[in-house]
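Chain naming follows the written order as A, B, C and D, and within any one chain the residues start at number 1.
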Amino acid sequence: MLTGADVAKHNSSESLWMIINGKAYDLTEFQTNHPGGQKILLKFAGRDATEEYEPIHPPGTIEEALPADKHLGEVDMSTLLPEQKIIEQAVPKPTTAGDAPMTLGACLNLDDIEKAAERLLKPKAWAYYRSAADDERTHNWNRESFYSVRLRPRVLRDVTTVDLSASILGHTSSLPIYISPAAMGRLAHPDGEKCLARVAAAHQIPYMVSANASVGFEELASQAKEGQILFYQLYVNRDRAKSEDILRRVAKAICVTVDAPVAGKRERDERAKLDDEAASDPNMQKAVKSTGPDAPDAPQDEPSQGIAQALGSYVDPTLAWHDLEWVRKASGGLPIIVKGIQCAEDAALAAKNGAQAIILSNHGGRQLEGAPSSLETLLEIRKFEPWVLKKLEVWCDGGFRRGTDVLKAIALGARCVGIGRPFMYSLVFGDEGVNKVATVLREELAQNARLMGATSMTEVVPSMVNARELEQNVYNGPYESPVRALAKL
Amino acid sequence: MLTGADVAKHNSSESLWMIINGKAYDLTEFQTNHPGGQKILLKFAGRDATEEYEPIHPPGTIEEALPADKHLGEVDMSTLLPEQKIIEQAVPKPTTAGDAPMTLGACLNLDDIEKAAERLLKPKAWAYYRSAADDERTHNWNRESFYSVRLRPRVLRDVTTVDLSASILGHTSSLPIYISPAAMGRLAHPDGEKCLARVAAAHQIPYMVSANASVGFEELASQAKEGQILFYQLYVNRDRAKSEDILRRVAKAICVTVDAPVAGKRERDERAKLDDEAASDPNMQKAVKSTGPDAPDAPQDEPSQGIAQALGSYVDPTLAWHDLEWVRKASGGLPIIVKGIQCAEDAALAAKNGAQAIILSNHGGRQLEGAPSSLETLLEIRKFEPWVLKKLEVWCDGGFRRGTDVLKAIALGARCVGIGRPFMYSLVFGDEGVNKVATVLREELAQNARLMGATSMTEVVPSMVNARELEQNVYNGPYESPVRALAKL
Amino acid sequence: MLTGADVAKHNSSESLWMIINGKAYDLTEFQTNHPGGQKILLKFAGRDATEEYEPIHPPGTIEEALPADKHLGEVDMSTLLPEQKIIEQAVPKPTTAGDAPMTLGACLNLDDIEKAAERLLKPKAWAYYRSAADDERTHNWNRESFYSVRLRPRVLRDVTTVDLSASILGHTSSLPIYISPAAMGRLAHPDGEKCLARVAAAHQIPYMVSANASVGFEELASQAKEGQILFYQLYVNRDRAKSEDILRRVAKAICVTVDAPVAGKRERDERAKLDDEAASDPNMQKAVKSTGPDAPDAPQDEPSQGIAQALGSYVDPTLAWHDLEWVRKASGGLPIIVKGIQCAEDAALAAKNGAQAIILSNHGGRQLEGAPSSLETLLEIRKFEPWVLKKLEVWCDGGFRRGTDVLKAIALGARCVGIGRPFMYSLVFGDEGVNKVATVLREELAQNARLMGATSMTEVVPSMVNARELEQNVYNGPYESPVRALAKL
Amino acid sequence: MLTGADVAKHNSSESLWMIINGKAYDLTEFQTNHPGGQKILLKFAGRDATEEYEPIHPPGTIEEALPADKHLGEVDMSTLLPEQKIIEQAVPKPTTAGDAPMTLGACLNLDDIEKAAERLLKPKAWAYYRSAADDERTHNWNRESFYSVRLRPRVLRDVTTVDLSASILGHTSSLPIYISPAAMGRLAHPDGEKCLARVAAAHQIPYMVSANASVGFEELASQAKEGQILFYQLYVNRDRAKSEDILRRVAKAICVTVDAPVAGKRERDERAKLDDEAASDPNMQKAVKSTGPDAPDAPQDEPSQGIAQALGSYVDPTLAWHDLEWVRKASGGLPIIVKGIQCAEDAALAAKNGAQAIILSNHGGRQLEGAPSSLETLLEIRKFEPWVLKKLEVWCDGGFRRGTDVLKAIALGARCVGIGRPFMYSLVFGDEGVNKVATVLREELAQNARLMGATSMTEVVPSMVNARELEQNVYNGPYESPVRALAKL
């Protein structure tokens, strides 16, 4: 058995050892292939990286990534030197919103939970969850695009009881809402995605598990309740065999994410990593101080990739429409959900290619700055390819925070709505936090439906919304339906 | 006769006594049924709650709510222990607007009065009056929707004299304005709604009394001047008998509020109550300090309901169009005003169902975030159901603060306009404050009418406003007139 | 000859004497008729009010207002007691813009001059010049309405020389610009309007003298250069005889202001007066401190009128279209300019009633909040009554600050543009300041015309501007041409 | 050989000597002809001005400007008195953005580089690069006009490889990007434009050299790589002979800038010069303190011209369309690029007059406030003169900062896009900075193209953008095609 001192000597790029979960690994050869970059490995060279490693790597990552001879075996953890342990404290910090609530009890809505999370999460976790592409305009627009849509409530209807349930791919959800797939739950809470799965079961709403979940799908599946609606979000890997293996373990439906052939430019995430590295690297700190216009020849590093870039490198950029057939077969005929549709043409293609559901989504504004909000794409489909709404289920995500946001999408034809970041933020409070998000949405939906004069989701119809302001900017240029094109073949 | 010490012993949920107006009551059994929540009762357990109770409960509330055996009789108030008296001071406080005027003389307009009220009212009163639904966007939009409407003034007309009077349901009001119904006037002034009634009489404008007024309608009616125009705003209670009883006592017209089958989510109000409870509860204060992500299992309370939620639970969510017939009969054939119309379809239904007036209103933005402003609904009626404007009187409320706001609505066809919050805010200055609001509006209206070239309200016509910017966003989707539908039956 | 002590005794409303320009007056009976209110008189009771009186009263005001027996004769000014002299210092003060220039040399544009004036003018002068109606939205909109109009410059034209002159009512102005009428120039500089007249002559641009100028028209006329273009702005007084008297003395054209039958609500101006009174009145200061919600019965004064209200009371609200005939005759057939047209109907009426020019104006946003900007009215005339542009000269004012602003109006058909506040602000620097404004405009116009590819004002044509954004909000409702109506008669 | 003391005596306007690059010059007669004004010369009278002179004058300027007898010969620089050397330190300064990065490594995008430059450049350099016309609204609008254009990305296309190259006037550029012409590179870095030329060569993108480059074109040309694409931007000088001389030395194409017959009003630049002069002139500092409204007769200087005004005076305002023929001949038949087209009419005229490319440009918002953004002009051409897009190459510049900005222009028909200020800002970091800008753009373009589903620039088509919001404000007024007009001749 190795001692702390044995490992501590291998603390440079010449020989780079690291301890994870009580075992040592030799990363000397691997270091330049690390999707998260070499620099972060050097920070932990000769040290125990468990706390850092755990929440951002799916189980088994290092075991699969390294050949057996680089597995150096167990370390006697009682022999670790003090400097080999790096423990980062999550200390409450000032936020951009001065009035951020600190307790779940003080959170009245989903924005409160976001503010609390900004204050309570570790900076790296906050940066990963919150970050979006480029200048985050699309992220913000997702939210703002609801504001211009006015409701048209009806009065003097008996609204004593209201039924909020929705039929989603044949399953009954108690709300027209599902938990969107998002990675790295353990950045916020040791139980990570397990909290999401438990609360989804309790609320009888679907949970779509991310391929990058920090808790393995098997582990989540094994704790699932009878009849729980779990979907699996697939990033089709460059390694197809690996994908097939995952697919076979999946339950009720497969989601293929199509808007991420490469990862978006998430600068908040990248900056968090730069800060992290700068904080730990004395040489770098020095560079920050002395490099300037008078030192143009000082060595300049390539900007570090954030967590998103590291995760993104697993995705297959060759994925194309015909691959849906392969997904269907590989998954044994499970319903297919195509996530990331952003124009009417692709909605039509998804329908033609046999998808059971599409998710109008710009990936929470994390991929392409300038992409339309899901409401805009929904209006575009209503304009150019209205038949799609009958052929398959249209789901929406991106910026939904209030009950009225959800009802606006439902009124315009969406079957249900995915909520992502708010659930991730709520993980800082564990199960209770996740439950709070679901409960707030349930209460707001019930109240708002009543105030609109609707007693069920089917009564929420197009004439209950005035989306004219948004419609005036729906695409108006040259349009060629790919279905007509296909029909000609 | 009980002593302070007798009551002081019953200071917990096991045995919960309270003193109100010199009498003690046993609330042990009632505590979980209190619409305002149990927690606030515990705050006053064993104490004198008169000052807190008075302004937010209509007269007789506790007497009616408790069975006779819980009336414990009089208390010798000279024996009260110091800690049994809780007196909250209203201390002038900094406001969001740094330049808030502190005297009525320094108030030049209705916004000044709002700023003064923010500074001078008790926090709970300010929160109740000011709060609006969700993120308060509809509240703000009510105000902003006037800004895009441009006036088209006419010059070189003789405007020496200008007649501001309006005929409202056959009564002559000296202004095209009435006081909107709002609850809890005694939060701002000991005389509460009595101030409103007195000034309305002096100015010869209608006052619509809220069903939740903190002064009983009988008391207000008994001080009414000869010929004073009082309307009664009815929240049809779950207890119909109680409603009928109220209706029989009413004078000139009945207003049925239809946009509040449940109360809106008024977070400012809820937060004020949370603050209030936290300030008084040492255990809670502790929780605020220690609960955080490291203490996810700490007990979490349901968010407290504000005053609005407590009041809202009296409303009947089963109310429907056919109930207007019952209201008419129960009131002995009084004219019916339907308050809370938010789309053209419902305006048509109100006309069909025999209403004499409708109020285009989103409840001051307090109910459904995303509802249209009254100007928008007015334009929608002009577009889809213009006949309604001839069949009944159309009134508007929500965000009116300036003479020009009123004239814009009049020009587009409104008969008169309701002013709510400004009058409630002005109560902080008593009768003089209320008079100031009416006087400022009178002066602005006279000046503005002259500058528009109009010498009476009938000369304020559609061609005097340019509402094109607003019209461009009027609903344009599928429209089916409910009147045509009814005609087919 | 009276002594200071003689006057000092009459320092209350019972007996109210005042010294102006070395003479004493008895204002005891007059005090309640003072258009500026009684309170300000009490402030100066028994004292020398010359410094306060001078800049805000046209010459001869007090002599005409008081009967001969109230003229008490000369005072030996060497005998004045120290407390009889009230001298207000104009001390440079912080401004809303932190970077206000302090010297004329540091002023690069008209906004700089405004910022300097805010800092250097006495508060009362700044408030009077700068104030606008209500919330000053129309004032701000005047400025903003230029921003949405895009230019369409032409390149590769020979622009070596550019002719900026314009023909205005048959006179040649060196710029398509005139100085708008504004009152109270002596608030900023001892020479007051004389500076404006001198610089207008030097630049060969028209100067329209205000009826409320703080320098008499005779005095201005007497210093006029040969051929100088002076217009006279007439507020038709309640006293017609007085108007006729003024008209007979006038030279090149008469301007009838039609948008001010009553003065607008200029709250900045009113607040300045309130501040002024509060500062001087110890009793009032006390009231400010102690009056609050707990003192609802404290005496409340009517809000003081600012300078604008005081001036406004001279205007005749009975003025109507047929009075233009009287103006023409009374002035001996001078061309008539109608100032304050705000809709196409009135533009047509002005043409029908024989006006030679109209000024599209909302009085600098000082009268009716919600009025259209002059660009909007110009577009409305182009839409509904385009013939008016050929029948008479259309001038514009309100918010013009840059050379491009002027060119936009010229391109859309305006003959010339009035500049008001910038010239008033510039008076703080005397002749040099006024000259700076004219010079900056000249330089910007020359440069901008060249960059647009125009070498004279007649080459600035409609296709050089893209006003589509503004056009989309031009009035679109019911329109009945008054000319057609008149034609039927 | 002269000594420092010899020169130091000639330190006033009576006799004004100056040292530049070790040689003395007599500027006594020239001082009033200096395009940059006399005042700045007086600041350096009797002193060594090399550091100030060098970066803002093209090589040989003073030698050509002064007759031989004013060349006083070499100075023994070891004899300079301390006060003869004026060395300005560029000290990092606070910026408007609090979070400006200080190192190139911390810069993730082009805005970061701008923020770093604001902090690290000398104030005068920052002012010159950053300044724009008037209130800089057009400068800002250039940037904002991208935000309203939404992308319409396509998914499930194989985007493994993406080709970013573009054919520009027959040359292959590795990116659809060129470096825009801008003057005074040596203000930021001693190597100045040489850095731009080197990095353009390394990246195989075109570099358009400014006529006002602070490094001579010969020097740049002499270090050019084999096949490097250099264009030359010609400001046709008043001295035509000089222009012809320059033209003959040029390589691949000639750019005629047509939007600068006079320089724009760049107030940031002018203020920087005012600050500079005030800082050095004790008399002026005194004036700043004492001049105010009480000193209206204090001497007032004309506002100083900034660098832009000084440079602008070399441009020929008589340049017209027929001169393109002269340019063509003088350059020996090189392709002609017309830079500064701002309306569809002029695009058509450029095509008619034989231009090979036009650049839709408003000179980075530096010339005419109110000019359209290049995207707007592109949409206008698509509407009125679509044939132009086939007849010649349409390039765009102004406000491009992100990969998606570039793709939006490409989708709407632009061949390539010019990047100006970011490259100038990046000079503060020398070659590495310039390389960073090119590299960031390359990475963003590759990533964004993939996310849009495009694998080459030709796949970026009109249906990939939704520009409806912008289209709604495209010019809609009277339009007469100059081509039709020409056809009639």
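Definition applied: a residue touches a chain if its C-beta (ideal position, glycine included) is under 8 Å from a C-beta of that chain, and two chains touch if they have at least 3 such contacts.
Fair warning: this is a prediction, and the values are worked out from it, not measured in the lab.
The chains in contact with chain A as well as with chain D do not exist; no chain meets both.
Counting every residue number used by either copy at the chain A-chain B contact, under half are found in both chains.
Chain A and chain C, compared by their mean Cα positions, are separated by 61 Å. Spacing of chain B relative to chain C, judged by their CA centroids, is 43 angstrom. In chain D, the residues touching two or more other chains are 472. Taken as a graph of touching chains, this assembly is arranged as a ring, one closed cycle with exactly two partners per chain.
This structure has the following touching chain pairs: A-B, A-D, B-C, C-D. Those residues of chain A lying in contact with chain D across their complex are 134-135, 137, 258-259, 261-262, 264-265, 267, 270-271, 274, 287-288, 291-293, 296-298, 300-301, 303, 317-321, 323-324, 338, 340-343, 345-346, 349, 367-372, 376, 472-480. Against chain C, in their complex, chain B makes its touches with residues 90, 92, 102-109, 111, 120-121, 146-147, 149-160, 188-189, 402, 404, 408, 428-433, 436, 444, 447-448, 450-452, 462-463, 465-469, 471-472.
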